[in-house]
C-alpha cells in the first residue's frame, strides 16, 4: 500500500496534570524524532500535544510509557484497505455467478460436518430447492475436545466437489492449517476462516495470497476493530474478496451459547465496504432459535446467512442440536423471504 | 404462593471422586434433616445423590460447602409465578384500552427527559400521529455524573399527565426511589424500573404492592434468569402486570454503548408468559442505529419497542445523541410496519 | 464545588473524512454557543477541532450526533473531588480510633447476615481475638430470590450495637433503602452500599448528606470510571469519608462466582486518594478460595479486606458456602500477617 | 488413552414439564442405542433420566435437541489426562535442571521481541543476575496490524540459542505456525503457544507430538474448562510437559488491557496437576502495574511468572509500554522474593 503523507493532527497526546516541562520536551522530541511535527496546547489543567504527520511512523514509540504522559489517542483508523473511506461503494463478490454483497441476500446452507457423499448431495439438493445459493460443509473440524469427531478431511472436500457438480452450488469449507491451503484451493469456492482462527495471522496471510473469496468469522471476543484488522491482514496481501461473518460473541449470559451481536451489522456496514453475513446457528446453539434470529438478521441488514441444515440432526456427528431439518429449513426460508421483501431486498 | 410438595428428584449433588463414605453419609443426613429423601447412584468415578422433595427446603443449606461435595445442580427453575409453566397463555396487559402482549406491537415513544410542557405535548402529538400508542418521559433521571441534569421531578410528572389529557396516550416514567411511589401512582400509567435498579429489591417489592403495570428493564449485567427473578419479586407481592424490556447488556465491545441481546426475546418468550419489549435507543446509543435495531426487534418477536424521540435532539438536556427527530420517527414507523406485517403482526 | 474556568483544549472533536465545510461550521458554532472557543486542525484525512474552555458547559450538547462528527473525546476526567489530582495525599478515615487507609491493613470480618445476638457477639469476640478490627453483619439482605431469607432488619442492627458494646469493634452493615437511613445512622459506624446499589443515585445522595463513613462496593459490571463517579456522588454532597471495595466483576468465566479484578487496586490507588478494600469472600463464592485471594489482595496493595466468618457455616442462613469458620479465620489471619509484612505493612 | 467403562450415572437429562411419554421413551431409546442404561425418576414437576455408563459414547447424540428435553448435564469432567484426579501429585517439569512446578517459583524474563544479538545477550545477563531462570524472546510476533513489526524469524531463534550458550538460561519463544515446528525444536527449550492460538487445534496436536515442554497461554475469552481442554489436546498426543499461563481475560473493563484472573490459579491448582504461571506484563499492558500484579501472583500461588524486560523500553519495537527496564526488574525481583518467602516458597 502506498502510504500518502497524512498531514494534520493524527494523534493526540494528553499529559499528566503534574507533567514537568522537561517531560513535555522529551515527548515532543520523541515525536519529532519519528518524523512528525507538533502542535501544543497548554491549559490550566492539562497540556495536550497534537502530532502532525503520518502517525504510522510512531507505531513503535511506546508513547504512553514516556514519563508524564497520561494517554495517547490516535485519530485515524488502524485499518485502511477494508475501510469505507478507502472505497465508498459496496464490494460485490462474484462466486460462479452468485453475487455476494448485492441486493439479493445469499444463503449458505448445509451440514456442520460432511459425513458421506450421498447424504451431502441429498442435503445440497434440498437446500437448493428451498432457495439456498451456496453449500457449506466441514471437512476439518475445530473441536474443543481431542476425543470428538475431527472431520473426514480431504475425503470430505471431494464430496463437496461432487455436490457442487450435481447441484451447481458453490461450496464453502473451513481451513484450519496453512499446510492445507493447496487442497482447499483445489476443491472449494470460498475458504472459511473460523472464529478461533480469526487472529491466526499466518493463516490470514496465506489466504490473502490466494484469489479465493474468504469467509472470515468474527472471533468470540474480538472487537469490531480487531475484526476489521484481521480482514486488513488478508487484504494487505492482495485478496480483497472478503466476507465478514458475525457469529456471536462471548458474554456473561449462558442461556444461549453466544450472544449474537446484531448491532455489529449496521456498524460494520458503515465502516467497511465488505459484505456482512450472520450465522444464527452457531450463535444460539439451538435449532429453535435459528428462525427468529435469522429473521432479525435479514431485518437488521445482513447480506447473507450461514445456516446449518442436516438431513437427520438426531444422528449428526456434530452440532446436531443446532441443525435444521430440511423441512424446517424450507419453512424458515419462506418466512425470511417475507422479511427480506419488507426491507427492500430479495432472497 | 402455595407451595405444592414437589416429589421426584429436584436436586442433583455430585460428590468428589475421593469423597469418603463418612462424607457421603453427612451429605445424606443434611438433606434428610431439611425434609427431603435421597436416591444414591454409586459409580466407579463418582457418587451422585438425587434429593427428592421440595428443594426450596434446602435453600439455606450450603450444600456445595459440605466436605466431599463437588457441585449441586438444581433441577427446577427458581422462579415460579412468571414462568411459562405456571401460566401457559401469554399475559396481556390492558392499559387504558391499549393491549400489551397481544398481536399488535406497541410503541412507547417520547423524550429521554421531560423538559417543558409545550415541547412534551407537542412531541406527544407527533409520535401519536406516527403511530405510537404510549408516551414516555423521564421525570427523575439516573445520571452517571452528579453534575448532570437530574430531571424536573414532580413538575415533569404533571406535564406527562397534561400530555395524556391532550392526546389520550397513557404515560410511562421511571421510578428511582420508594419514597416517590405515591407520586407515581397519581400521575403515571406504567411505572418503569430502570436497568440500574433491576436488583433494587426494596423498590421491586414496593411496586409489587401497587396495581400499576411495571416496565422492568434488564440490568446491564443481569442474566436472563436473574431478570426473571426480579420479575418474580414484583409478582410475589401480587402485581402480575409486568412488561420485560431488553435494553442491551455490557460486553467487551465498545463500538456500541451496549450489546443488544436479541436472542433474549425468543428465550424469554419460551420461559415466561410476560410481554417482552426492546429499547433500541439506549442499547446503541446512536440515533442512526435505532431504525435497523428496531426492525430486527420486530422481526425477532418483540411485543413492543421503547424509542426516544425529541423535537430538537441537538438541544436535548439528555441523550440527544440517541434521540430521533419526529420526522425520522415517522419514517422509522413506516418501515417497522412493513416488517411487522412480514412476521404476521400489526403495529 | 466551585468550578474554576479550565483553559486549554479540554475536548477533541474528530470530524468524518467527508465532513462538509457547512458541517464543520455548524459544529464550531455549537461549541461557541456553549461558551467555549476552538482550535481547528485541517489535515488531508481529517479535520479535528479542539474545544478550549470548561468542557462541562458542553455536557448537554450531543456533539457526537451533529452531522459530520465522527467522535468526541473529553480530555479531563469526569470526577473531581475523589481524584488524586484534587487531593494528592491519601484519605485516612478514623472510625473510633481505627485508621482506614493508613499503613495498617484493616480487616472487617463477620457473618453474611446477623442471625441472633449470642452467635453474633460470640463471632465478634473470635474475629477480634484473631485480629479483625471491624465487625460486619447484614441486617437487610439483597437476595436474588424473593423466597430467600431477607434479614432480621432493625433487630439485627440492635445486635450489632450490642456486639460493638461488648467488643469495642465498630460495625458495618448494608443500607438498601433511603427510608432506613436514620436507623442506620443510629446503630452503625460505617454504612455499606452494596454492589447492586452502586448506581442507586438517590441512595448515594442520601448517604452523602450524612457524616457516616461509607463502604461503597463496586457494581458487578461497573467500570473503574463509573465506580469513581458513584463515589463522586457521595462526595458531592459533602461526605468525603468513602471506602471503595472491589468485590469481583461479572465476566464469561463461571468457575468462580465473579472475577476478582485485582488490577483495579493499583489503578484506583493511582487515580483516587480514597482507601481501597477487597472482598475475597463474595468474589470467589467458595470458602477455600478466601485465603489465596486474601493473600493476593494484601500483596497487590489493598488497604483492607472484608471477610465473611460464621460460627457454623453449614447452618448459616445465607452464603454459608463462602464463610470461614473462626478457626480457619485465625489461620488465614496468620498467613496474611506474613504477606503484609513482606509488602511493608502491618495487619 | 484406554477408556475404562465408567459405571454409575454419568449424565443427567432433565425433561420438560410437558414432555409426553412418547418423548420420554424416545430419549431412553437414544441413550440405550448409544450403549448406556438408564435410571428414571418421575416427579410431579419433572421427569429426570440418569444415563449409566460411559457418557463419551453419547458425545454425538444431540440430546438437548430431542423433543421434550430441557437440558442435559454431564457429571464427569471432559478432560482426563491433565486432571488432578488422573494424577494427584504435581507435575514437575525439568528444563535443563530448572524445576518448573516445584517449591521454587521460576521467572521467565526477556524482551517482547528479539531485536538483535547483542541487546538480547545483554538483557539475558542482566535478568539472570537479578534471579530470572529462563529467557523469553519473540521471533515470530502475532501483531494485530499487518503493518506492524512481525519479528526477525529464524534469525531471532539463533540469537536466543546464542544467549542460552552465553548465560545457560533455557529459552522460550512463541510458535505460530505448524510449518515452523522443526525450527523451534532445534533452537528453543520451551515452545510457547500464545493466547490467540489456544484453540488452534492443529498447532496443539503438533506440539503434542514433540517432547518439548509447552507453555500454553490462556485465550482471552477461554473458560478454565476450555483452557484445560486445550492442554488435554497436547497431552492426548503424548506430551505431558505442559505449563499453563494465565495472562488476563477480556472483560468490559478498559482501564487495563485485560483483567488478570488471579482466582484461576487456585482453581487450576485444584483441578489439574500441571504448573500454573502468570504473565503480569501482558495483562496490565503498563509497566507500572507489573510489580503489584507480580506480587499478587506470587501470593495467590503461581508457580512462575513471565515478565517482559527490555534494555531500552522507549525504543522497543514492540510492547515497550509494558516492559520493565533491567534496573526496575532487579527491584521487582527483590520485592517478589519477600512475598515468596511469606508464602513459604523460594524465588
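Order as written gives the chain letters A, B, C and D; numbering starts at 1 within each chain.
The rule is short, and it goes like this: contacts are C-beta pairs under 8 Å (C-beta built on N, C-alpha and C of every residue); 3 or more make two chains touch, one makes a residue touch a chain.
All values derive from a computational prediction rather than experimental measurement.
Asks: Through what angle, to the nearest 5 degrees, does chain B rotate to match chain D on its C-alpha atoms?
Replies: To bring chain B onto chain D, one rotates by 180 degrees.
Asks: Hey, which chain ends up farthest from chain B, C-alpha centres compared?
Replies: The chain farthest from chain B, judged by C-alpha centres, is D.
Asks: How many angstrom lie between the centres of chain B and chain D, each centre taken as the mean Cα position?
Replies: 38
Asks: Between chain A and chain D, what is the gap in Å from one C-alpha centre to the other?
Replies: 26
Asks: Please work out the Cα centroid separation of chain C and chain D, and write it as a whole number of Å.
Replies: 32
Asks: Hunt down the residues of chain C that sit against at least two other chains at once, touch-wise.
Replies: Those would be 221, 250-252, 254.
Asks: State the interface residues of chain C toward chain D in the complex, per the touch definition above.
Replies: Chain C reaches chain D through residues 221, 223-225, 249, 251-256, 259-267, 270, 283-284, 288-289, 292-293, 295-301, 335, 338-339, 341-343.
Asks: Could you list, by residue number, the parts of chain D that touch chain A in their complex?
Replies: 30, 56, 59-66, 78, 142-149, 176-179, 196-197, 199-202, 205, 219-221, 226, 229, 232-233, 236, 250, 286-287, 313-323
Asks: What residues of chain D sit close enough to touch chain B in their complex?
Replies: 4-10, 12, 14, 17-18, 39, 41-48, 50, 52, 73, 75-76, 85, 250-252, 254
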